[in-house]
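In the two complexes below, subunit A is the common chain; its partner is subunit B in one and subunit C in the other.
Presenting the complex of A and B:
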């Protein structure tokens, strides 16, 4: 048995390694360049001197502290609003009977198929007419209601045993009481999984913030980084990679720390 | 006995029906459960017993008819306002809460003051002996312990009516017998009215003051266990109750067992003769049968026989060593023979009773 499967197994392992190396290569290059003087940016010399100077220069070259603050405000705002808005919607779709429920849900699902980039111009017009251009709220607003979040939570709420709901109802819990004390706690793995996806998506989101912001006080990290990399620094790779590492470090660290929980909560939430 | 507990309230169902579209789950059920009594809703799966219970709880609404608890019309009231507690088949414990939080869930939802909560919790814990479990979560408990916690949650509500939906079906046989005695003791001590759903006739016979046998959404018989056993109202009731259940023998026009001959058991025609396995004995005369196999149970032996077209089970004392194929005559007292209409299943009154 092992004999016949051996070639396949070798191929699989080889394939996994190749894909892994291709994925990690840019990151490795970034780490190499960021921690070494500019002279070594394109030459691999094992005994090259290590330095943190690139980080210091990058930090001073652009208002990264402000960008960090902007991004943090942005992802927090979006996450809180998504939880608050998706929860009751998902509950209604999962456990309440009302005419047209399935039709409305289908419309919500349709939204999943619309790429946000298609709506760039339309959204810009809306923000302009609301007078919100160049605000953090404007970056967040198109994402506050999430079809993906509603869908995910609805699936989870539907898996909550009906008897638990019945028991809570019998014990005198109101509708909100049941939602808050039974459904939300039981859906915690889904909230974690969705929260991680949402935070990483909006931390990395670039195109829409680039279009809607044009000042230091509103720009998130991604836009700040690109502005910094293209105009201010020319092609000083050491500083650019140092800045890149700096801006992606919080997410990268969080993922490494929570890797196990992250994968597990996705398994439990039923999405891969 | 001395504890001043809430006492039971009577429960009355008046012509309750429930249908989903063209499917009728309950067709005109009327029943009366006396205050403080133990009523078992018995029947095979799909007979409407759980639907009936959920309508009393208010978790389901009746299509028509009326539900009264303690003389009060509760048909339109939400579950929480009906004064009922319930133990679910799956126990329905909240997996994210500890045992203590589970038990107190309802009292917190109803904003019962903390000292009163503590008092009720202490009493439930003492009654059920679950003190060492309070800090655990349901996932860390065995089936029997989960069952106790579910009972605890039902008794702290101090509701006059307690509803139970097959609470013992997930336990093993030995624990089931123990919990049966415990639930019955609890009901007697607290004096509450119990409505208990099961498909297990042994449970019904062992616990009930009143058994309501349901079939296809209709009440087949509503009687105390002894009467259900001694005078089954229909052939279905006869064949559902007893271990093993009553033999139902098809009669030939001349009143003997069809295809077997033997003594006349009743007026012929489209009739079924019902004889309990324990009422049969081996005799010189009687229904001629042929043994198919014998099951030795310790105190007695259940012998399966073929009598013409019908199969007969006889419960014979001791160890009856009977090889397959042995011819026998099985006799019964005329008083132990019940007659049923073969068409409707209804009991036919005999002269002596």
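Presenting the complex of A and C:
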């Protein structure tokens, strides 16, 4: 930056900060509204009293505890199943020779473009014929075989030095043994990255869960929040923003605490 | 005699492959088949009608509106979020007072569910109380129903989407910028190349693979993510914010016309395929890989 002239640089910094302030403004506004009585929702006086009453009322007005439980079950189910299913598939694509490998891999990658999110109608019909409508399993099923996960892990497994694999083989390790003791430990950063991306994606997913669920015992947080905001509350913004922040809080707090990890994970997941 | 390795490979692949095919490839094919039949109603079974559903789509005013809206939405959202993402990454990549804070400010919307984002912005756009009208009031402008006016409703959706996505794409640009060797910059300095020249001739071409990746994601998102429409406008007013996937949702799950919803899905899939072909075929060839 030696050649940059000072006035230009100052303008750039100013621009970056103005953009930054515009970017956090909606969030700050929501935080303000949620932590103050409704009367102060749009009047920003410094002496406005702080309160947690909005959160308490939102918590009582809808079964958010149940929604939290549903989302937690959903996200865990998807994460575990994706790891268990994608790992062997990725290994087969990365390190095994068999006829038709490239064709099958191309078929798998089709999912990167034709995502389950778009196939609402077709998947609903499948779930109906399986008798799974309005179950947490039905929300998860379309995402369990994940092309993204297979692709990501395949790339990582291909980087594992072949000598390590050969050494394990000489010691008499079986195929599964090598996968478990050589490949999986070396791919730990990829698992963390994939896990974070998967959890935040499914914590936030909305349209498919909205379509496939219709009761309190299955609805994830996002759907619960939309039901709550559209029917129960009219236009009490303080309570709605409190509920909104409440549902996003776990992920947001996790992000603020492990910022570096999150950002690096998203980068790792994105570089192909 | 099939080799042992082939057997093993298929055994490893099968569980994931079965699920993948059952819930991605099969529904896509089933949707195509459904689009050639009538919607079953009560005891009336579906009847084969060939391309009639597609023909009636041509006469469907809402379909054309949804298609037009989606193209406007994509044409505005994609360049805006990609350019902003690049600017953010360039800003955060330099030594800047408060850099971690700034990076966090840009990235945080990415971590929020779209549904939460929609709730927050819904409040923003509220007539009289919302921040938009309050700021407009400072300049002596009257109240405006941002989401109730068909002229401003779609732009409002675009703003929300850009706010949500730019920070996500910034991450990928940032990663690419940090991977760039610093000696390039030093060499350019020695040659006396101007900053703008360096950016245009060195940085931008080196960022092309990232741009392609970001573009693919932005295009998919422009057709895949309609959560904010569901929450903020329900496609209204007068279909001004109806996007293609929202129209599919409405047709399939509010009017339960599954055959028409399947037909619309086929159109969306063809559209996505065409866009993917365009990006990888045309743009992909101009990308310089290192």
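We adopt the following convention: the second predicted complex is superposed on the first by the 245 of 272 C-alpha atoms of A that agree within 3 Å, B and C clash if a C-alpha of one lies under 4 Å from a C-alpha of the other, contacts with A are read in each partner's own complex, and residues count from 1 in each chain.
Just so we're on the same page, contacts are C-beta pairs under 8 Å (C-beta built on N, C-alpha and C of every residue); 3 or more make two chains touch, one makes a residue touch a chain.
Keep in mind that this is a model prediction, so the values were computed, not measured.
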### Task
Identify whether subunit B and subunit C fit side by side or clash on subunit A in the overlaid structures.
fit
### Task
Can you pull out the angle centred on subunit A between the C-alpha centres of subunit B and subunit C, to the nearest 10°?
100
### Partner touching more residues of subunit A, whether subunit B or subunit C
C
### Message
Output check: A:24 vs subunit B and subunit C. Expected answer is one of first, second, both, neither. What do you get?
### Response
second
### Task
Look at A:49 in the shared chain and tell me whether it touches subunit B only, subunit C only, both, or neither; answer first, second, both or neither.
neither
### Query
Upon superposition of the two complexes, what minimum C-alpha distance (Å) separates subunit B from subunit C?
13
### Summary
Note: overlapping subunit A surface for subunit B and subunit C spans none
### Task
Within their complex, state which residues of subunit B touch subunit A.
54, 57-59, 78-80, 84-86, 88-90, 92, 94-96, 105-106, 109-110, 153, 157
### Query
Any idea which subunit C residues touch subunit A in the complex?
3, 5-6, 8-10, 12-13, 15-28, 30-31, 34, 84, 87-88, 91-92, 94-98, 100-109, 111-117, 119-121, 123-124, 126, 129-131, 134, 163, 167-168, 171-172, 174-175, 189, 194-195, 213, 220, 223-227, 230-231, 245, 248-249, 252-253, 258, 261-262, 265, 268-269, 272-273, 276
## Note on the structure
So, in the complex, the side of subunit A touching subunit C is made of residues 1-4, 12-13, 15-17, 19-21, 23-27, 29-30, 33, 41-42, 85-86, 88-89, 91-93, 96-99, 101, 104, 107-108, 110-111, 113-126, 141-142, 144-147, 150, 175, 200, 203-204, 206-207, 210-211, 221-222, 225-226, 229-230, 235, 237, 240-241, 244-245, 247-248, 251-252, 255-256, 259, 262-263, 266-267, 270-272
### subunit B-facing residues of subunit A, complex
161, 163-164, 166-174, 177, 181-182, 185-186, 188
